[in-house]
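Note that the chains take the letters A, B, C and D in the order they are written out, and that residue 1 is the start of every chain.
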Amino acid sequence: MRINGVEIEDTFAEAFGIKMARVLITGATPHWARVAAQEATGFGTSIIMCPAEAGIEREVGGDETPDGRPGAYIMICHMSGKELENQLLARIGQCVLTAPTAAAFNGLLDAEIQYDTGFKLKFFADGYEKEDTIGGRRVYRIPMMQGEFIVEHSMGAVSGVAGGNFFILAKNQMAALMAAETAVSAISRLEGSITPFPGGIVASGSKVGANKYKFMKATTNEKFCPSLRDEVETMVPPDVEAIYEIVINGICPDAVEKAMRYGIMATTKIPGVVKITAGNYGGKLGKYKMHLKEILR
Amino acid sequence: MRINGVEIEDTFAEAFGIKMARVLITGATPHWARVAAQEATGFGTSIIMCPAEAGIEREVGGDETPDGRPGAYIMICHMSGKELENQLLARIGQCVLTAPTAAAFNGLLDAEIQYDTGFKLKFFADGYEKEDTIGGRRVYRIPMMQGEFIVEHSMGAVSGVAGGNFFILAKNQMAALMAAETAVSAISRLEGSITPFPGGIVASGSKVGANKYKFMKATTNEKFCPSLRDEVETMVPPDVEAIYEIVINGICPDAVEKAMRYGIMATTKIPGVVKITAGNYGGKLGKYKMHLKEILR
Amino acid sequence: MRINGVEIEDTFAEAFGIKMARVLITGATPHWARVAAQEATGFGTSIIMCPAEAGIEREVGGDETPDGRPGAYIMICHMSGKELENQLLARIGQCVLTAPTAAAFNGLLDAEIQYDTGFKLKFFADGYEKEDTIGGRRVYRIPMMQGEFIVEHSMGAVSGVAGGNFFILAKNQMAALMAAETAVSAISRLEGSITPFPGGIVASGSKVGANKYKFMKATTNEKFCPSLRDEVETMVPPDVEAIYEIVINGICPDAVEKAMRYGIMATTKIPGVVKITAGNYGGKLGKYKMHLKEILR
Amino acid sequence: MRINGVEIEDTFAEAFGIKMARVLITGATPHWARVAAQEATGFGTSIIMCPAEAGIEREVGGDETPDGRPGAYIMICHMSGKELENQLLARIGQCVLTAPTAAAFNGLLDAEIQYDTGFKLKFFADGYEKEDTIGGRRVYRIPMMQGEFIVEHSMGAVSGVAGGNFFILAKNQMAALMAAETAVSAISRLEGSITPFPGGIVASGSKVGANKYKFMKATTNEKFCPSLRDEVETMVPPDVEAIYEIVINGICPDAVEKAMRYGIMATTKIPGVVKITAGNYGGKLGKYKMHLKEILR
């Protein structure tokens, strides 16, 4: 299969279940909503060594928020529901409650799992909190130096999907990077998915375990390293000098597949992109298989 | 004391010792250095519930970096040296190593404390790493999908200063916020200091412990809440509707004081700013006292 | 009428007919589309002394563009159709043709007025141009140093509306400014309208002619100057210290009214905003009257 | 000559004299200074069809400005001193006077040419203007809706240099573009120079006159078009797929040469860059010759 001259490998991305909370942060302006969202989702690329996987889903106008102010949806993910709840509390408490003009609303009203994060945060008000309703949402008003912080009682979470992915193989590092950037931009307009790595992009790429340093749980995937082409049994095509991966977490398989489709389509417009493939473990480990050909049909 | 019509209270900021590492991240462009720096310093406002305090110090041109590419200095802080080392490893390993085009160099070459973070990260290369020298620095080249990741062997750390601060009291929330924004911008041009909160600004403000909810370690400082003016013994002047705090960590007391001076001077140019003060615990807890009058002399 | 506590004056904005062309600029990434759009619409606040009124309408994803790349719609306006055609040619020729990765498509396919701007620009190719079709559009491929520039044969224009407006009166300059910023952000998400002034905002405000300097065609509107409150017969309410105006041009009256509605609603969320009004000439000069109460009903 | 593996052609850039004014725009925050600066320098790539060549030189902190607020220096250039004065008046009057919180100061105090642009703009105040001194500068305070606009009496101009340049030849369009972006970023930190094209970059490239369309004054330079490699006597090396040019205007030859040096050095760090050259007319037309080898020595 070829799209705009780019080869699409006949393979699939293998993805896993993950617990995922969604929060809507609003602010006085889009800038200030973004500031809170960025701080709250930082240090959140991979649960291998980050305390959570997190990212900004997309920005919304005031016509889509309970308080009529511009906002940004964020997602926070963890394998453990208990740890997810802790991360929600810590990230909203430390990075949204403290952020200028920010408010935090439930991003998954209808989800079965509802954490009472707002209720827990109200204790910061030391008895001066007031309960109220904004746009039909049950919120607490917490007096602060800037005025007040508004937080909804509950924050919803679902069993979502982690590790949706595709790989961009290009003639040159800069072509691969620009393709990755435009893919992430395309995905950032969509509902229900995040790309948790820095700028949405993975520059490394890992295999489980190690050949030499046996104490390592994950090491570089030498078969996909262009500079090791002559030293190992390589998977890097001859005309490829660089590869970036886009990792996608989403609230459901459809959201991940839509993100993959929009992201891949965007990459095929960048001169120098040679091939798109995806990462899997032979289908043995993950709950979900996203076949590139089906997604792009 | 008055500067540009703004009252400067005769008081001092009380600050504490903290362990602080400094890393120079470079990238293909200033944008990509910033992307890595932002991810690596996120979820880092306060060690109360964040795994570290972290921030971007300032951006530099290629003429100031070992590899000749544009870069950004970041700082990561923790009370415990051991935890600081863990955070360095996790944040560089998960948020810089994975970031497109990023490299990580030692930001404190002459510091006594030198963590071998780069050495530890080289094991990710699973034996394919190469040792090299760039701009006189001892680095590892780790083969990756994008090409390679370059990291310096050691990352330096010092006993720095946390909790330098000042408060901006204004007639209106938006005046206070714009003053805070311009203060943070002024500080972002300086060497040796960060403002770790979201956008560099603290919207809340806390007291140690609680009056009502005794199980809380820190709660809102009701005396500084404009909306509680009529309910409590208030510290909020009659014409003040909003207060923001700028918290500053720095590599030495001078760096913190310089940041306070530049930040405060900037706020006095914003219409609606009424007063500048600072937070302290009567001088009983902190190692450092920064007197506003001396700083601004 | 009051919305979120803000008084809405019972008045109307008076707007005029203007010729308006609309161009869709695409780029490799949203950033590069924006770079071209910004350069092409600069020096375009008011036709009083600018060669055109111009602005970025809104950004779109690759799923909404003929070439599948991200883009931005821009509008260029002039009272004279002849001058509009000249401005189209000059601004696309100098600021889009020269911009990295940019392409220019017709933004008003069905409009009666169609300028052959693309046809005129093809002569830059000195005979090496190629005619082609992209997404059903008739385009020229112009060989360049970067590769090629793609431009559609025709650019459509309509008789649109200029000078839709509203005024934001606030307790403090910074409150007025933040309200103006968030209004402009809200409008930037809408189809069919631009806010041509710097950052979308007018800091001045003028009356026709002059009292003292008779050679001036337009001078400051002293009745709306807060600092002249005690010297002239003022229109500034006692608790107002600053006023900003948002000027809106749109492809039709509905587009202008929608922009006014979204913009005004956004301002009412900002603390310190006291009143919204609009500018008119008693209904004697303009073709269009936008009544605030009807727009906001 | 090779730098970091990139070939530097033994040639020179040919540059011309131009009249150049320099203005310092300040604002409440760096963001608002930038908003005014961007609008004022838009539609200013080349005097072939733009009313001026213009660009943002660099941003400065409040410690470098007369009013203590953050700012940005801009430059406006024209072959004709009379036209330059008109452009100064129009661009400051329409794009800075109208911009929120902006003020305009003389950026070349010691220059022999001093236009009384501020004096002319004061008439907008219709008699309500006040003369004052700020940081030793003679300014006018013009009452406005937002409060006031401050403008210095005179704006200085010099006989500067236009058309300093270098060409980036790369294996791929995206490599050339990223190299151009990082070059422009490096130059944006320097004093005394601008890169007036969109994003600082020229995607086209032109020859004087035409082969086929004799009525054209300038047409594409087919010898530098990669896609015409097989049709014309080409100057494009076999491994080059894209070329971008950086055009630099500066207040003196040294400023242009420094910008060329910093810009070129930055490009050599980007993978895929093959060669750097420069544009000239055999030395017959321009007043200045900048030899790459001397600049980079």
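As a working rule, a contact is a pair of C-beta atoms (placed from the backbone, for glycine too) under 8 Å apart; a residue touches a chain by one contact, two chains touch by 3 or more.
Small disclaimer: the values here were computed from a predicted structure and weren't measured.
*Asks:* Can you list every chain in contact with both chain B and chain D?
*Replies:* Chains in contact with chain B as well as chain D: A, C.
*Asks:* Count the touching C-beta pairs: is B-C or C-D ahead?
*Replies:* C-D
*Asks:* Please tell me the distance, in whole Å, between the geometric centres of chain B and chain C computed from their C-alpha atoms.
*Replies:* 39
*Asks:* Quick one: report the Å distance separating chain C from chain D, using the average Cα coordinate of each chain.
*Replies:* Here chain C and chain D have centroids separated by 25 Å.
*Asks:* Tell me, which residues of chain C touch at least two other chains?
*Replies:* Residues 28, 147, 173-174, 177-178, 241-242, 270-271 of chain C touch two or more partner chains.
*Asks:* Using the touch definition up top, name the residues of chain B that touch chain D in the complex.
*Replies:* Per the touch definition, chain B meets chain D at residues 4, 28-31, 61-63, 67-70, 147, 178, 181-182, 185-186, 189, 262, 265-266, 268-271.
*Asks:* Tell me, which parts of chain A touch chain D in their complex?
*Replies:* Against chain D, the touching part of chain A is residues 171-175, 177-179, 241-242, 270-272.
*Asks:* List the residues on chain B that touch chain A in their complex, please.
*Replies:* Of all residues in chain B, those touching chain A are 28, 32, 35-36, 38-46, 48-51, 54, 89-91, 93-102, 123-128, 142-149, 167, 173-174, 176-177, 180, 197-199, 201-206, 210-213, 215-216, 218-222, 224-228, 231, 241-245.
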